[in-house]
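What follows is a single structure, written as structure tokens, with notes after it.
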Amino acid sequence: MDGPGMNMITKRPDILVSVFDAKLHYDVGGAFAAMRGKSTVVKAVDGVSFDIRRGESVGLLGESGCGKTSMGRLLLKLEEKTGGTIHFNGEEIGAVRGSGLKKFRSKAQLIFQNPFDAINPRFTIRQTLSEPLENADIPKREREDRIIAALELVKLPEPAQFLDRYPHQLSGGQLQRVVMARALILQPEFVVADEPVSMLDVSVRAGVLNVFRDVRDRLGLTAIYISHDLALVRYVCERTIVMYLGGIMEDGPTEDIVREPLHPYTKALVAAVPVPNPDQSHDPLPIGRGAPDPRNPPSGCVFRDRCPAAHARCAAEIPQPKPVGTRTVACHLY
Amino acid sequence: MKNFKAVGGRLLQLALVLWAVVTILFLMFRLMPGNPMAAYIDPTFTLEQQQQLMAQFGLDKPLWQQYLIYLGNLLQGELGQSFRYREPVGQRIWILLPNTLILTFSSLIVAYVFGILAGAYLAWRRGSWVEQAAIPLVLTTRAMPEFWLGMVMLAIFSFSLGWLPAGGTRAPGAEYSGFLDLYTSRDFLAHLALPAATLAIYSQGLPLLLMRSNMLDVMKEDFVTMARIKGLSNWTVVVRHAARNALLPVMTSFAIAVGYQLQGNVVVESVFSWPGLGRELVNAVAASDYPLAQGAFLMIALVVIFMNLLADLLYAFLDPRISHA
Amino acid sequence: MSEPLLSVRDLRVSYQVGRNFVHAVDGASFDIPRGSITGLVGESGCGKTTVARALTRVIAENAAITGGQILFDGKDLAKIPEREMNALRWRDIAFIPQSAMNSLDPVYTVEYQLAEVLRRRGGMNRKQARARSEELFEMVGIDANRLNDYPHQFSGGMRQRVAIALALALDPKLIIADEPVTALDVIVQRQILDQLKELQTRLGVSVILVTHDISVVAYICDRTVVMYAGKVAESGTMQAALTAPSHPYTMGLRNAFPDLQGAASGILTPIEGAPPNLANPPTGCRFKPRCPFALDICGTEPPVVDVAPGHPVLCHRANESAALRIEAARTETWMAPA
Amino acid sequence: MPEIAAAAIIKSRRPHILARMFRALRLPMNDPFAVAGLLIYLVFIVVAVFADQIATHDPTEILYTPAYDLAADLRPGQDGFIMGTTSLGRDIFSQLVYGSRSALLIGITAAFMVALIGSIIGLVAGYFGRWVDAILMRLADIAFGIPFLPFVIVLAAFLRPSIWNVVIAMALVLWRDTARVIRSQVLTLRTRGYVEAARVAGSSDFKIILRHIAPNILPLSFLYGSIAIGWAILTEASISFLGFGDPDSISWGYMLQDAFASQALAKQAYYWFVPPGICIILVVSAGFFITRGYENILFPKLSR
């Protein structure tokens, strides 16, 4: 799709979030870098378009520096976009201010990557969870019950005993459940989870992921799950968007992407994932070794300098996302 | 060498600071109550004579016009006439500046060499009784009024023991042929010893504490542990790796310390009657000789601002993470 | 099997925190055969990094080796004097740190740091050191003209390659790699692991790979040692320990790992609870509070049972492992532990 | 600047109000230095408050010995003068006692002003960033360009000489150090997860600053406040020594100027000019000791 007509998308009730040609460029500066003629503008997100239907779980998959976290922050207005449009419930979020912003905040929430950093160490769990309630002007007497309900929702055993505890007295898994409870306490429609389990031990991760899946289904949430780990994305999302150097390479059902990756980068990504059984293939990855430099990406397709199938056209022309079977792929091979 | 076009931002910032300080200086000296030349107008002067004197110093024009003249003169290095000495301020400043700089740099170099070595040693002997004793001692040197320390040093070494002269830069009547001859003569050094020692004792605390704290931080870094795992000798690990990294911020603090030291000079020069910019400023202000005071203040401010800039550049060049961005 | 390069016997390491002692490693025993890659696997706080660092005898100020032996080439590294130990460092035992970023001195070029090891520890002169540095960079696939760059000018993956080059500098007998690829993205991670495997096979050096990620161990290691709460739960060949785990903890760990090739509908099963506090560890088996197969007997110290030759398991029900393994595969087993 | 530890390990029940306050201000009660610092402060505060009762004479009154000649240059203990008399025949001990009053008065007010102004500017610059940050930091650069002591001297020459000149001068210029340090602390705090979480939870900027940012910079402001007390006392002493002090208020600086002018050095009257110096050192170093300031006395790390 070469970019939907603006008004057509915003009217469709089933679309909760519509992103069209979103850009986030910022100047990193650095006098000495500038002196050597190196560009100092980082294109964290460079022309990304996708839509998310209500109740859909979408994985934002990519390596560090691919722009997935920036994209998540743009969706929640934690970062102001420098181009394109983002619609939430049919309304462009760029202009939202004051009470409109407060309403948006209650509808769109974030689950943080590092639970140990996401809660103020001086606040008790009760104070942490009552902050969103205060902002939504929930009367004082109702808050205790809603806090307990939120903690039960995230399966924290006997929540009452946690209320007066400080964050350093909880384990990683428990803290992440409190972070989730805080995000869900105002019954949002839309949740962005930024690598929610990457800081947790493997044996604890599964528990937190199961809670996330259970809560998402129970509240009918629309969710974005940001991760560099394809196996985790597959466990949580039915659709995945693969990002590289600020752009979307491939977008489609997760199972199809895992079974039959189309974009050369996705192929390398899927092949690279080590699986816990000893007799997996050891043949070298179909990808060049260069490290992506966000400050000066290659011309045309940003992946061409590492792509085994790169040809002349890839350098000349940026590949537009094209429908290929169940997927949308941005590559001249199709 | 790399071109510095990109460092323009920093130079622009410098120009702004310079302009602001110069303007503040101008306003300060013009906003005072009464007539700036009151102290120099003989009551017997007639009105015209007073007007004529004022005109000579350009004080009869409206403020903004004086400001423009003031800026114009400044750009040509013209600092106006001293009320008291009736001679160009610039000339006097130029003679006194070397004295102040020599006092500042000699004391600071001694302070930094001692501070760095002692700081590194204390970091290496972390937790020992040596450190327990040294830190409070260093703290008291930071808590000490410099002029009081000067007085005590004077009383002991000059008056009680009589080893060193009590002030000034050279014995009365001693003649010196050249510039270099003066500044390296035994007589000058004897005069320099006490004031420089006073300033050095006061300012060694900064590099010492900074070096010690940096060393402690760096010793925790992974690359220091790796150096030990590589089996490198203790000397190599502590000096070549830990000290070399810890030294970085200490070197840049030297430039800023010069700025702070200049302020300390004001009192120390007065105690030792050392003919420098600090003492000149004090005497000029006491005598309400505002152009001279303004010139002395400006020169001190220029050196401070230049040193702040030097600190930034020094930091960028010393740290490869910035110079090889 | 030839005599192992390294055998650790009942190693104990404890940290002094305030007045009490944390027994981070409480009697760990395992062997490292020559010319192989052995995975040292366990979750955070299980003592794997402490063991790795104990082998180099460069441990934290407040730590101390309080017991056991580290037999390496006929010498007990836990007891030999510091001078003798230092002679071994980097010549025989090298180390690859987790994030090479702050393990390389930021104010010296990479060449300086290579030459420093080659000349001060390897006794080479300037010319030999330069030649060897170029050869090492060649081996790990970095362009030799990048030798005089500074560490911060290298990407994550390249820095890790520099760290490998550094480790290989003096042809050590043993390389200990502490989470070498954890901080890297999956593609670079794979390329570094492939490189490590290729170099290990070609040079015949023994490698200990410390990691929390059993899929990384499965991908590259010949043998594995699974640690839990300061003790070795189980160790053995890759097939034995991972495809057919015999300790309940390894079984649980195996289930908690998302498997890309497994069925899409597979449910990840967590291990409820948390590892014990090592300041005052519980008596008996330390996994008992989280183990679905725990019996009363597990309250007493579990024996080390050789389920198969070279496959010791620290568990009272070790010889029932085949049956337990089937039961462990079912999610409900873990949902409500005994 | 060593990273302020995120949370002290405390018992689960709500800690006692005083313990919480001390924890908030990071006052290490078990550290001998801090306790010594506090004791020194207490002593001087008591002396300052009860100066009238403690002092044996009026500090400015010219005194005579029982034999009616001028009680000048008396050694400590002579004719009942505990610490001797000045060349003008005034009681040194009384001057010392009253000197503590002006020292603490100036020290604390100046420190309060510097810490307050510096913290607010640092907070606003660090939190809001962009042009607000640029303007405030250029202001700080200008303040850094002004040599402080010369500035106070020139200021004292214009304004009627009074002990408040130092306080005004410090309020105008010395907020610069605190502002720069608080700003860098706020910059790191702003990126912390729980600050973003508060923003996502819909809290206003004001509420975020009040509840999440300010409590974490309190220890730093208090630390720089205690260092500023030292600076103020040292500056006042220097100004009085140079003759720009407040003539009708007795301060340690004035005593030293009086001694210096009366050739006390030549007379080797150590009993006259040493004690005021010692008092200054005690009070100023007490400020450093209390907050273990010596760990942070150095320049804020010039981390870019």
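As written, the chains take the letters A, B, C and D, and residue 1 is the first residue of each chain.
Everything that follows uses one rule, which is that a contact is a pair of C-beta atoms (placed from the backbone, for glycine too) under 8 Å apart; a residue touches a chain by one contact, two chains touch by 3 or more.
The structure displayed is predicted, hence computed values, not measured ones.
Student: Just how many steps, at minimum, does a route from subunit C to subunit D need if it may pass only between touching chains?
Tutor: Graph distance in the chain contact network comes out at 2.
Student: Busiest chain-chain interface by contact pairs, anyone?
Tutor: B-D
Student: Once you find the CA centre of subunit A and the CA centre of subunit B, what distance in Å lies between them?
Tutor: Taking the mean C-alpha position of each chain, the two centres sit 54 Å apart.
Student: Could you tell me the distance, in whole angstrom, between the mean C-alpha positions of subunit A and subunit D?
Tutor: About 50 Å, centre to centre.
Student: Between subunit A and subunit C, tell me the centre distance in angstrom, where each centre is the average of that chain's C-alpha atoms.
Tutor: Roughly 32 Å separates the two chain centres.
Student: Taking each residue of subunit B in turn, which ones touch at least two of the other chains?
Tutor: 322, 324
Student: Which positions in subunit C are in touch with at least two other chains?
Tutor: Answer for subunit C, listing residues that touch two or more other chains: there are none.
Student: Could you say which residues in subunit D touch two or more other chains, in rising order?
Tutor: Residues of subunit D touching two or more partner chains: there are none.
Student: List the residues on subunit C that touch subunit B in their complex, please.
Tutor: 56, 58, 86-91, 95, 97, 99, 102-107, 116-117, 120-121, 149-150, 152-153
Student: Which subunit B residues qualify as touching subunit D in the complex?
Tutor: 13, 16-18, 20-21, 24, 28-29, 31-33, 135-136, 138-140, 142-149, 151-152, 154-155, 158-160, 166, 205-206, 209-210, 213-214, 217, 249, 252-253, 256, 259, 262-264, 266-267, 270-271, 278, 281-282, 285-286, 288, 293, 296-297, 300-301, 304-305, 308, 311, 315, 322
Student: Which part of subunit A faces subunit D closely enough to touch in the complex?
Tutor: Within the complex, subunit A touches subunit D at residues 76, 78, 101-102, 105-106, 109-110, 112-114, 117-123, 131-132, 135-136, 164-169, 179, 182-183.
Student: In their shared complex, at which residues does subunit B touch subunit C?
Tutor: For subunit B paired with subunit C, touching residues are 221-223, 225-233, 236, 240-241, 244-245, 248, 319-321, 324.
Student: For subunit C, which residues are in contact with subunit A within the complex?
Tutor: Contact set of subunit C toward subunit A: 43-44, 141, 155-158, 185-191, 193-194, 197, 212-216, 218-219, 238-239, 242-243, 252-261, 264, 267-272, 274.
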